[in-house]
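In the two complexes that follow, subunit A is the common piece, with subunit B as its partner first and subunit C second.
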Partner chain A sequence: MSKNYLLFSKQESRLYMAFMHVTFASLLIGGLMGLLQTLVRSGKFTLPFGIDYYTLLTVHGVILGLVFTTFFIIGFQNSLMGKTVGISDKQRKAAWLAFWIMLIGTAMAAVTILVGQASVLYTFYAPLRAHPAFYIGLTFVVVGSWIAAFVNFRQLYVWKKAHKGEKSPLLAFMVVINMIMWFIATLGLAATVIVQFIPWSLGYAETINVLLSRTLFWYFGHPLVYFWLLPAYMAWYAIIPKIIGGKIFSDSLARLAFILFLMFSIPVGLHHQLTEPGIDPTWKFIQVILTFMVIIPSLMTAFSLFATFEAAGRKKGFTSLFGWFKKLPWKDVRFLAPFIGMLAFIPGGAGGIINASYQMNALVHNTIWITGHFHLTVATTVVLTFFGITYWLVPHLTGRRLTPKLNKLGIIQAFVWTLGMAIMSGSMHIQGLIGGPRRSSFSEYAGGEQVATWLNYQLAQAVGGTILFIGIILMVYIFIQLSFFAPRGVEEFPIADEEEDAEKSPKILENWYLWIAITIALILFAYTIPMFDIMRHSPPGSVPFDWPIGR
Partner chain B sequence: MGKGNPKQQQPSQNESSINLKGTFISVMLLGIFILIAWFGLYALFLSR
Partner chain C sequence: MHLHKYEKIWLTLGLGSLALFLLIIGFAAFWKGTHPQSHIETIDPQNVEAYEAFKPENLGVREVADGKYIVNMVASAFNYDFGTDIDEKAVKTIRIPKDSTVLYQITSKDVVHGFQVAGTNVNMMVEPGHISRYETVMKNTGTFTVVCNEYCGVGHHQMYGTVEVYE
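What follows is the complex of A and B.
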């Protein structure tokens, strides 16, 4: 029997499913908050029981941006490692430890936000101050994810030792790249939280260096985006070809793209701070150039995907220019949902290039265009791909089947999501271009003329948000069905193969020392001088602010 | 490459065996979309 149909042991499945349960509970909670936000911003709805808008906004950002994504990614990646390189009992126990530490951290941060003690949004910019439990909870989540990362590193190391001279499985290679990137990036987060925020929120330090904290946050914040995106790319490169009945287009191209993402995702955080005073514009410009380097692996991915689809179609005998496109498995939700995600990345990526263009950033900075942008990239591209993965991963883990009925419901879900997001994200983009601010609660801003032009777009966002919440309810229903009620059976874990006559991948692609050394060198190049400047020339630090939002 | 040598011709035949014209057109359209979006916003930027 092919390994793709061989189920995991019960202990292993339980571990991966634990991550999935947290993922979908987070989706429901975070999604509800999103719905309420769009309703409030429409100006037609007031929150009951004195609930603060910024509490909702913080829950939405933290639960969806950090918890939903991280739990799904680590659960999915662990299953990829288990399938391709295996997991020992000791490694499994360490992965459980990672899970529990992350869960405790999540609970701490979530409770602190829900009781109104951490309305600081997911970026927790100083000088807004949250209760120390919020920062300590976030630290736990990160530490737990580090344990998960080191388990993954160990898994590949053990496999390589047992398979001397062999190329590592593509998916295991990709997981390790993503976790190396995550580890290097979260060092910045750990530094600002442990050295700056925790002592300051506890009252041990009187002031905080705001600019330094924001720079360290964005040192982490941009690779965070790629930490979300790379698991989707894993599915696109190595899972989708199997679902469409094709082969991996190029193992070497996929590995090279991931290496480039590792190198160019981190030394680019300053492009989130292009309007930030106190940072030398030269270094902002250098990081803008480095940001544009990320376009290369993104376009390599786009090319590779089109080629995968076309090559698979041609092999099935379609000769006309786009005949292969028509015959893709449109009725298979495992393909359709990620495919819509890929399509959404076209405007999402184009928007990203606009955001990172130094001067043009002024057009969109701090406007709701940005919110529209990341609802395309993360909340559509990444999320629809994650849903696409869920349709086969969860039944594979629970020993159940994706029935035709659930498949059909999944297709409806994908269309509902697409419609809701097109309305919501589309109106956010337009409202942003006419100056509508992001983050803030509903306001008429004392009746400004420009403000009147925003209101209809805010109403449209409420309509889109409502449709999206229906999509969330559908998805959670499907998840529950696949977890507990779908008929017993074996669902394939679809890992694609290479072509039989594929060229051998160059060995240098697995030279970890080289790629990590270049990554570190680029980070040192891009950050050493601006960081030194920031530490030497920053204005005096700030005392904490608990008002108007915070604690 | 010698025309009469079948061994040497083999790789080029393999390379051209997959027709990727559709891919070529698709990536070109993608590039055009990115350029239109960028220059559209650039025009807005200049107009302000």
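What follows is the complex of A and C.
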């Protein structure tokens, strides 16, 4: 029997499911916050009990941007590693340690936010000062994820030693790339939080270098979005082909794309800081160019996905130009949800190109266009793919089956999500183009025509947000069914194979030292001089401010 | 490594348009001089009045030459200080004749703010310790809302002003 149908051991399943439970609890809480935000911004609803809008916004960003994503990704990636290279008892215990440290950190940060001591949004820009427990909690989440990363590295290392001369399984290779990227990126976050924020929030340091903290944050902030995206790509490259009855298009091309993502995800953070006063424009421009390099692996991915679809259709005997397209398994939610995600990435990616376009950025920076953008990319492309994964991963872990009824419900969920997001993200994009700001509670400002136009779009966002929340309830219901109630059985863990006659992948693709060295060289090139400049031209530091966030 | 013929065409087209695109924004930046704001000029956030432009009497709009204006502003949670009028009342609206060249100058006394004249390209981060500057020609008449577009605290959405461009 193929490994795809072989269930994990009980202990192993329990580990991966633990991550999934936190994921979907986060989705429900974070989604509820999102709903409330759109309602407040519609101007027709006021929060009860004096709850502050920005507390909700902080919960929404932290719990969906950091907790939901990270727990799903680490749980999913661990299951991929378990399936492809295996996990030892010791490694499993270390992974549990990672889980608990991340969970404790999450709880610390969440409580601090909920009691109103950390309404600083998920970017926590200094010199707004949250309670130290917020920063310490975040540190725990990151440290936990590092343990998970090193467990993954160790798993592949052990496998390689036992399989001398063989190439690593594609999915294991991809997981390791993503975790290397995550580790290198979070070093920047750790540096700013541990060296700058924690001592300053505790009162040991009087002032903080604001620009340095922002630059370190965005050194982490951009690879963060690729950390979300790459697990979706793993599914697109190596899972979806199996679901549609095809083969992996090209093993080496997939690996090359991931290597390029590793190299070009990190030395690009300045494109989030284009409108900041303290950074040399030449270096902003250089990082803009580096940013656009990720277009190359993105185009490679788009090509190989559609080539996979076509090849699978043609093998089933469809010869006409687009006949193969009709034969894709549209009624299988494991395919449909990620497919909608892929489509959303076309406008999503195009919007990203606009955002990073040096001059054009001034038109959209910090407008609600940006919020619309990442609700397309992360909250549609990535999230629908994660849902698509959930439909087979969770029953595989719980020894249950995705029944036709649940499959149908999943399809409804995918359409509800698409409709809600089209309305919400679409109106955010338009409102942003005409200047509507992001991250703001309801306000009529000084009134006037401009503001009146914005408010119409905010009403539309509330409609979209409500539909999306229905989608979240559906999804959480499906998750609960798949976890506890669906009929027992064996759901496939759909890992695709290569073609029998596939070309051998070049050995150099697994030369980790080389790729990591190039990645580090690019980071040093892109950041050394700007960082040096920032420190040399430092203004007097900033004292902490508590009162603006209501502390 | 083998690349399919169609893939080569696809990537060549993609990379070609990418190169063209970069050339265009590079041309706009380095030949036409269209950069986002970046002046790398620092200031003590606890003593912004020490800087000539941000002395209370220098805040607000001033005509410095024919058709050339400077607008000096100080941001703080949750207000833009545009100076005071002859009755000593806080100015909330900046009035500028159409087609004049305007240099916006702003800094923050406390936390990070944003300064955007909605519907125009005037969009800057305002950070404590730095001076943000952007020069532009106000070509269209109308009433433009100034919004703080970076979260600065519980009153963030109450931080605004108005720019009025008249014939």
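Operating definition for what follows: the second predicted complex is superposed on the first by the 547 of 551 C-alpha atoms of A that agree within 3 Å, B and C clash if a C-alpha of one lies under 4 Å from a C-alpha of the other, contacts with A are read in each partner's own complex, and residues count from 1 in each chain.
Following the convention adopted for this analysis, contacts are C-beta pairs under 8 Å (C-beta built on N, C-alpha and C of every residue); 3 or more make two chains touch, one makes a residue touch a chain.
None of these values were measured; they are calculated from a predicted model.
Of the two partner chains, subunit C is the only one touched by A:Tyr125; subunit B is not. With both structures placed on the common chain, the touch criterion links A:Arg314 to subunit B but leaves subunit C unconnected. By the touch criterion defined above, A:Ile346 lies against subunit B but remains apart from subunit C after alignment on the C-alpha atoms of chain A. Comparing subunit C and subunit B on the residues of subunit A they touch gives the larger count to C. Of the two partner chains placed around the shared chain by superposition, subunit B is the only one that A:Phe325 touches, whereas subunit C remains out of contact. Touch criterion met: A:Ile354 reaches subunit B, while subunit C stays clear of it.
By the document's definition of touching, of the two partners only subunit B reaches A:Asp501; subunit C does not.
When the shared chain is aligned, no partner comes close enough to touch A:Ser88: not subunit B, not subunit C. By the touch criterion stated above, A:Thr46 is placed in contact with neither subunit B nor subunit C. Legend: residue contacts after superposition of the two complexes on their common chain; A:Asn511 is shown touching neither subunit B nor subunit C. Residues 299, 303, 307, 353, 357, 359-360, 362-363 of subunit A lie at the contact with subunit B in one complex and at the contact with subunit C in the other. Of all residues in subunit C, only 1-4, 6-7, 10-11, 14-15, 18, 21-22, 25-26, 28-30, 34-46, 77-78, 92, 110-112, 114, 116, 118-133, 143-145, 147-158, 160-162 touch subunit A in the complex they form. Looking at the complex, you find that subunit A touches subunit B at residues 299, 302-303, 306-307, 310-311, 314, 319, 321-322, 324-325, 346-347, 349-351, 353-354, 357, 359-360, 362-363, 433, 501.
Taken in their complex, subunit B has these residues touching subunit A: 14, 18-23, 25-27, 30, 33-34, 37-38, 41-42, 44-45, 48.
Interface of subunit A with subunit C (complex): residues 52, 54, 119, 121, 125-128, 210-211, 214, 250, 252-253, 256, 273-281, 284-285, 288-289, 292, 295-296, 299-300, 303-304, 307, 353, 357-363, 365-367, 434-443, 445-446, 448-451, 503, 505-506, 533, 537-543, 545, 547-550.
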